[in-house]
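I've put the structures underneath this note.
In what comes next, chain A is part of two complexes: it sits with chain B in the first one and with chain C in the second one.
Up next, the complex of A and B:
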C-alpha cells in the first residue's frame, strides 16, 4: 500500500511538469501581454518596453519558464504583478470559499441523488422512475446561471429569506456563512445530483441483476435490507468515480456560480488573473488546480479498496 | 411621410404586442427607419420601454408607470422626437443630487457600494482601469478637483497661479493635512510624487499625462512650482485625476510595490483591508484636514460583475449605492420609488475608428459613406435603450467646449451611395470590423452591420477577447474597430489622443497637419472661449475627414437608496463620498 502511494506520487511529477509547460506556453502565446494591459490606453512603445524589462518579460520564454520553475521548486509561486500579493497567499485566501462550496454542493447532490437513484432502480419503469429521470434531465439541462437567477429572485428578493449574494467567512459565524453559501451550493449541487442520480440508478440495476442478489432474494431477504447490505456498496463504485472527478472540477472553482453570487473563490481568481494577464497568478492557480485534480483522483483510487475488498494495491 | 407609412405597415401588420424588441429592431434597421419612427415602434412593443418617460426620473411612479401599450404609440413617438433636449435638461440639473448637497450630514454609518468589477491596483500612479478611480476618491486627495460644471476647484492646493507664458504653475498647498501614516503633507511630498510619475525608469502609465512638466520645485513647505517645457492648458484638469493623487512619501520609500495593496494617502478615508474579489473596506480618517468630514464611519466596496445583481443588492439593502446598471434597467429603476437614479451626461463617447493607412479606409469618401449610413439616434435608442444621446464629435454635451452646431451627419443612404461612387466603389465594398466579446459590443456590431448593409457596405464582424482586442487595436492591426472612451474633464483628453497624428489613441494613423496645429494651439492658449473656438474648428475638420465616426455619448448613471444624502453627481462618474451621509 505504502509503495503504491509512493509510486502514484512519483507518477504525478511528470504530469504536473507537463501541465506547467502547457500553461506557461499557452498564457505566453495568448495575444495581449501584461505590460500593454498594465499600461492601458496610455501605453507607448517605450513605456511598454521599459515595463517588460522590469517584469522580466523581455527574456526568451524558456528562460522565463526555467526561472519560474526554479522558484516554484523552492516553494515560491511568485507575486501578482498587479497587486504584488504573493500568489500562494492569494490562493490560500480563496481556497476556503471554494472548498466549502465544493463540499456543500457534493453533500446536497448526494442527499438528493442516492435516495432518488435507489428509488428509481427499485421501482423500475414506475411513475417514480420516470419522475426521477425527468427531474435529472431537467437538472442537467438547466444552465447554472439561470437556476442561480431563479433562486436569487425567489429566496433573495421575493421571499427575502436569504441574502442574494456575498460571502461571510465561517470565522464570523456559521449561520451567516451558511445563509450565503446555501443558494450557490444548491445551484451547483442540483446539476451534479442529476448526473449522480442517473449513475446510481443504472449501476444499481446492474447489480440487482447479479446472481448473488438472486440468491439473497431466494433466502427471503427484504428488499430494503438487501439493498443496504448487499447491493448498494457494489453499486457505489461508479458513483464514487463520478463524484471524485467532480470534486476535482469543483476545486478548480465554479466560475459562473462564483461570479453571480459574488463569492471570492478560486474560479474568479483565475478568470480575473487571465483577463488582467497576471501571468504569475495564472500559473500558480492552474498548477494548484491540477494538483487538486490529481489528488482527488488519487483519493478515489484509494476509496475503491475500501468499497471493494477484492481490490488490492501492491 | 414615407417613413410613417412604413412604420404603420409594420405596426399594423402584426399585432403590436407580439413584435419582440429584437424583431422590431431587425425590421426597423432593415427599413432604415429614423429615430422617432423607431421609438414609436418600440413604444408599441411594450409600455415598459416607452422613451417618453425619462423626465419622471425622481418623481413618484404612479403617473408615468402606467404607459399603455398600443394606444400610446403615437403620443410616445411625438415626445420621443424631442428626447435629446429632454435628456439634456434632466441631465444638466440632476435634481436629486442637487437638492441634497447643501444639507449638513448626520455623522456615522456604514455605506456599502457596488462596483462593476474588482479594483486592479491601489497605486493610483500605476492604475489604468476606471474602477480603480472610484476607490481612490476616498483614499486619496488630489491637488485639485472638478465640480459638476467641470470647473477646477481646490483640493490639496488651495490656490494656484499660472504665469503668462503658461509654462509655470505655482501652487499654494493646504496646511495641516497629513497622510494616514502620520507623515505631513507638504511641498516636498508633491515633488516626490510628481517626480515618481515623471521618472521614465518607473514606467508608470500616468507619465504621459504630465510629461510636459520638466521641473518640480518645493519653494517652501506650502508652495510648489511646476515648470513646463511648453504651455499645457489641460494640466489642472489632469491633476484632478490619478496623476494629481498624493501618496505618502514615507510609504513610497518603504513599501515599494506593496503600495499596490497597502495604499497610504491623505484622503477622507483610510485603508482597512482588501479581500480581492470580495470587498475593499476603508474607514473614516479621524484627522482629516477638512474639519467635520467625512460623515460616514466606513465604506465597503463590493465588486459585483452582474449588473442585475447590483440592482438586486440595492433592493435588498445589501448595497446602498451602485456604479452603473445595465441600460435596459434604467427606465424601470427610475420608476422605482425606493431608489434614486442620477442620470447626467458623461464625459465619454463611443466611436468607430478606421485604419486610414491601408485600403479600404485610406479612402476618405468610403469613410464618409460609413458615417452617412449610420443612424446614431436609432443605435442609442435600440442598443442602449435611449439612455445616452447621439453624438457627432468627441466633445460631449457636458463639456464647455461642446458645440451642437457641428453635426454634419445623419442617416442618409442617398448620400452614402454618392460617397461610394465618389470613392470608386459604387457597387459597395466589404470590410472587417474588430470587436471585443462583450455582449453590448456584439449587439452594437450587429446593429452597425444591419445599417451598413442597406448602403451596400458589408461589415464582417471579428470578435476577440478583451486583452487580445486591445493588443490588436493598439497595433493598428484592423480595418475598422469600435470602442468607447470614458472621457476626461478637459476636452484635450478626448480630442488630442484620438485626432493628433502623435496621439496615443490615434490607432488608425490619422494625420491632418491643420488638425495637429490647431490641437497644439488649444494646449497653448488658456482662454476658454478661444479654446472652444479652436475645438469647434477641429471638430469640423475631423468630422469631415472621418478617421473616426463618433456615434454616441453615454449617460452617466448612479443609483442609490433614498437614505444616502449629499451625493454630488459629477460627470466623470466618480463617487466622491466625503460629503455623503446616511439618514437614519
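Up next, the complex of A and C:
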C-alpha cells in the first residue's frame, strides 16, 4: 500500500507543478499592467510603482515564479493588497463555513439519495422508479442559483419560516446556525442527491444480480434484512467514490451558494477578492481550492485501493 | 418469416429480427428514426428550435426595446401588456428573456466551438503521437486544467481577463477543452493501430491527410454527443458567471444577470427572477435531453440500458 501511495503521489507532482504555473499566470493574463489593473486607473504612478515592487512584478517572470513557488511551499500565500491580511489566514478564517456547508450538503444528499436509490432499485420499473429517475434528472438540470432563489422565495419570503440570508457561527448557538445553513445546504446538496440516487440504484441493481444474493434469497431471508445485511455494503462502494469525486463540484457550487445566502466562506472570499481585484488573494484561494480538489480525488483513489486490493496491482 | 415462425418464434429469433432491422437502419435516416424514438429527444429539439427562432426573431416577436426603461410600468406583474411582468426599471421581462436567449445561445455555441476545435486538435496531436513527449506534455496540461473545479477555473480566467461577453466565451471555452482532448485522444489511440491506417502510412499518405480523412471521421460520433451536452454546460456556466456579476454586463440582457437582479426584489416582484430562471432551467434540460437522445441514436447498443 505504501508503494502504491508513493507511486500515485509521484504521478501527481507534474500536475501540481502545472497547476501552480496556471495559478501564477493568472495575474499576468490581465490586459495591461497588473499593478495598474489592481489599483485602478486613478492610482498615482508612485502607488503603482510601490505595488509593483511589493509584489515583485518588476522582476523577470521566471524569477517571480520561482520566488512565488518558494513562498507557497513554505505555506506563505502572500498578503491581501486590500486588507494586508495574510492570505493563508484569510482562508483559514473562512474555511470552517465552507466545510460545514459541504458536510451538511453531503449529509442531506445522502439522507435523500440512499433511500430513494434503494426504493428505485427494489421496485424496478415501477412508478416509484420512474418518478425517482425523473426527479433526479430535474435535480441535475436545475441550476443551483435558481433553486436557491426558489427556496428563499418559498421558505424565507412566502412562509417566513427561515431567515433568507446571513450567517451565525456555531459558537453563538447551534439552532441559529442550522436555521441559516439549512437552505444553503439543500441548495448545494440537491444536484449531488440526484447523482447519488442514480448511482445507488444502478449499483444496488448490479449487486442484487449476484449469486450470493440469490443464495440469501433461497435460504428464505426477507428482502429488508437481505438488503441491510448483504447488498447495501457492497452497493455503497461506488456511491462513496462518486461522493468523493463530486467534491470539486461542491466547491464550485459553494461559490454560488455562499454568494446568494451571504455566507462568509471560501467561495464568497473568492468572489469578493475578484471584485476588489485583489490578485494575491484570488491566486491564494484558487490554488487552495484546486489543491483541496486534487487531494480529495487522491484520497478517493487511496480509499478505493485500500478497499479493493486488485487496484494496487494493476 | 414463415420459416422463423415454424422454428418456434422464440425470443431469440425475435431478437435476431430486431437486430437485422437495426442493422438496416444505418446512415442519417436510421439515426433520425432512432432519435425520434429516444426519450424526450423530440420535445427537447422542439424547445431548442423555438429558442433559436426566438433569438433570431427577437425584434419581431417583441414590440419593446430590451434596455428601454419605463418607470410607469416598474414592478408591474404579468399582464397582457407584459406577459412575464416588468422589472424594477419598467423593462419588459418577456423581451429581455427573448433577447437573453441570444446571449445564452451565442455563448453556448461559441464556447463549445472553442473547446471543440482546440480540444480536438490537441487530442488528435496527442493521440497520433501516442506515448511520446508531446503526448505526455499535452495530456499533463489537460490534467492540470481538470484539477480545477470548472466554475473556479472559469471565474479565475474571467477575473484575469475582465468581465465581458467575449471573455466569458473564452473562459467557458478553455474550461471545456480537456474533456474533448481526452475523448479524441482515446479514440485516436484505438483507431491509429488499425490496419488500414498502417496501410495508408506505408503507401506514403501524408500525416495530416491520414488524420483528416481516416481518423477524424471515426471520432465524430462521440464528439457530437459531447458537444450537445457541452452546450448545456456552457449556457449554465455563462449564467453562473453573469449571476455573480462577472459575465455579460448590464444593460445587455442575460438570463444569469436578470436572475441576479431579480433576487433583490423577491418579496415584491418574484417574476423578475422566475422568468429568467425558468428559461435557464428549460434550456439546459433541453440540451441535456437532446445530448442523451443523440447518444442513444448514434449507438443503438446503449439503448434500454
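Quick note on the criterion: the second predicted complex is superposed on the first by the 253 of 314 C-alpha atoms of A that agree within 3 Å, B and C clash if a C-alpha of one lies under 4 Å from a C-alpha of the other, contacts with A are read in each partner's own complex, and residues count from 1 in each chain.
Here is the rule we use: a contact is a pair of C-beta atoms (placed from the backbone, for glycine too) under 8 Å apart; a residue touches a chain by one contact, two chains touch by 3 or more.
Please read all numbers here as calculations on a predicted model, not as lab measurements.
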**OP:** Check whether A:22 is in contact with chain B, with chain C, with both or with neither, and answer first, second, both or neither.
**Re:** second
**OP:** May I ask you to decide whether A:146 touches chain B, chain C, both, or neither, giving the answer as first, second, both or neither?
**Re:** second
**OP:** Could you tell me if A:88 is touching chain B, chain C, both of them or neither one (first, second, both, neither)?
**Re:** neither
Original post:
Which partner does A:270 contact after superposing on A: first (chain B), second (chain C), both, neither?
Top reply: second
**OP:** Name the contact category of A:14: first (chain B only), second (chain C only), both, or neither.
**Re:** second
**OP:** For A:30, decide between first (touching chain B), second (touching chain C), both and neither.
**Re:** both
**OP:** Give one of first, second, both or neither to describe whether A:282 is in contact with chain B, with chain C, with both, or with none.
**Re:** second
Subject >> Touching partner for A:259 - first (chain B), second (chain C), both, neither >> reply: both
**OP:** Could you tell me if A:240 is touching chain B, chain C, both of them or neither one (first, second, both, neither)?
**Re:** neither
Subject >> Contact residues common to both interfaces of chain A (with chain B and with chain C) >> reply: 30-31, 149, 152, 156-157, 164, 259-260, 275
**OP:** Quick one: which bits of chain A touch chain C in the complex? Just the residue numbers, please.
**Re:** 14-15, 18-19, 21-23, 26-27, 29-31, 137-138, 140-143, 145-146, 149-150, 152-153, 156-157, 164, 248-249, 251-253, 255-256, 259-260, 270-271, 274-275, 282, 286, 289-290, 293-294
Original post:
Which of the residues in chain C end up touching chain A in this complex?
Top reply: 140-141, 143-145, 147-152, 155-157, 159-162, 232, 236, 239-240, 243-246, 256, 259-260, 262-263, 266-267, 270, 273, 277-278, 280-281, 284-285, 288
Original post:
For chain A, which residues are in contact with chain B within the complex?
Top reply: 30-33, 36-44, 46-47, 50-51, 54, 79, 82-85, 90, 93-94, 149, 152, 156-157, 160, 163-167, 259-260, 262-265, 268-269, 272, 275-277
Original post:
Which residues of chain B touch chain A in their complex?
Top reply: 118, 120-122, 126, 128-129, 200-201, 203, 205-209, 257-258, 260-261, 274-278, 302-306, 308-309, 312-313, 315-316, 318, 464-472, 474, 497, 504-505
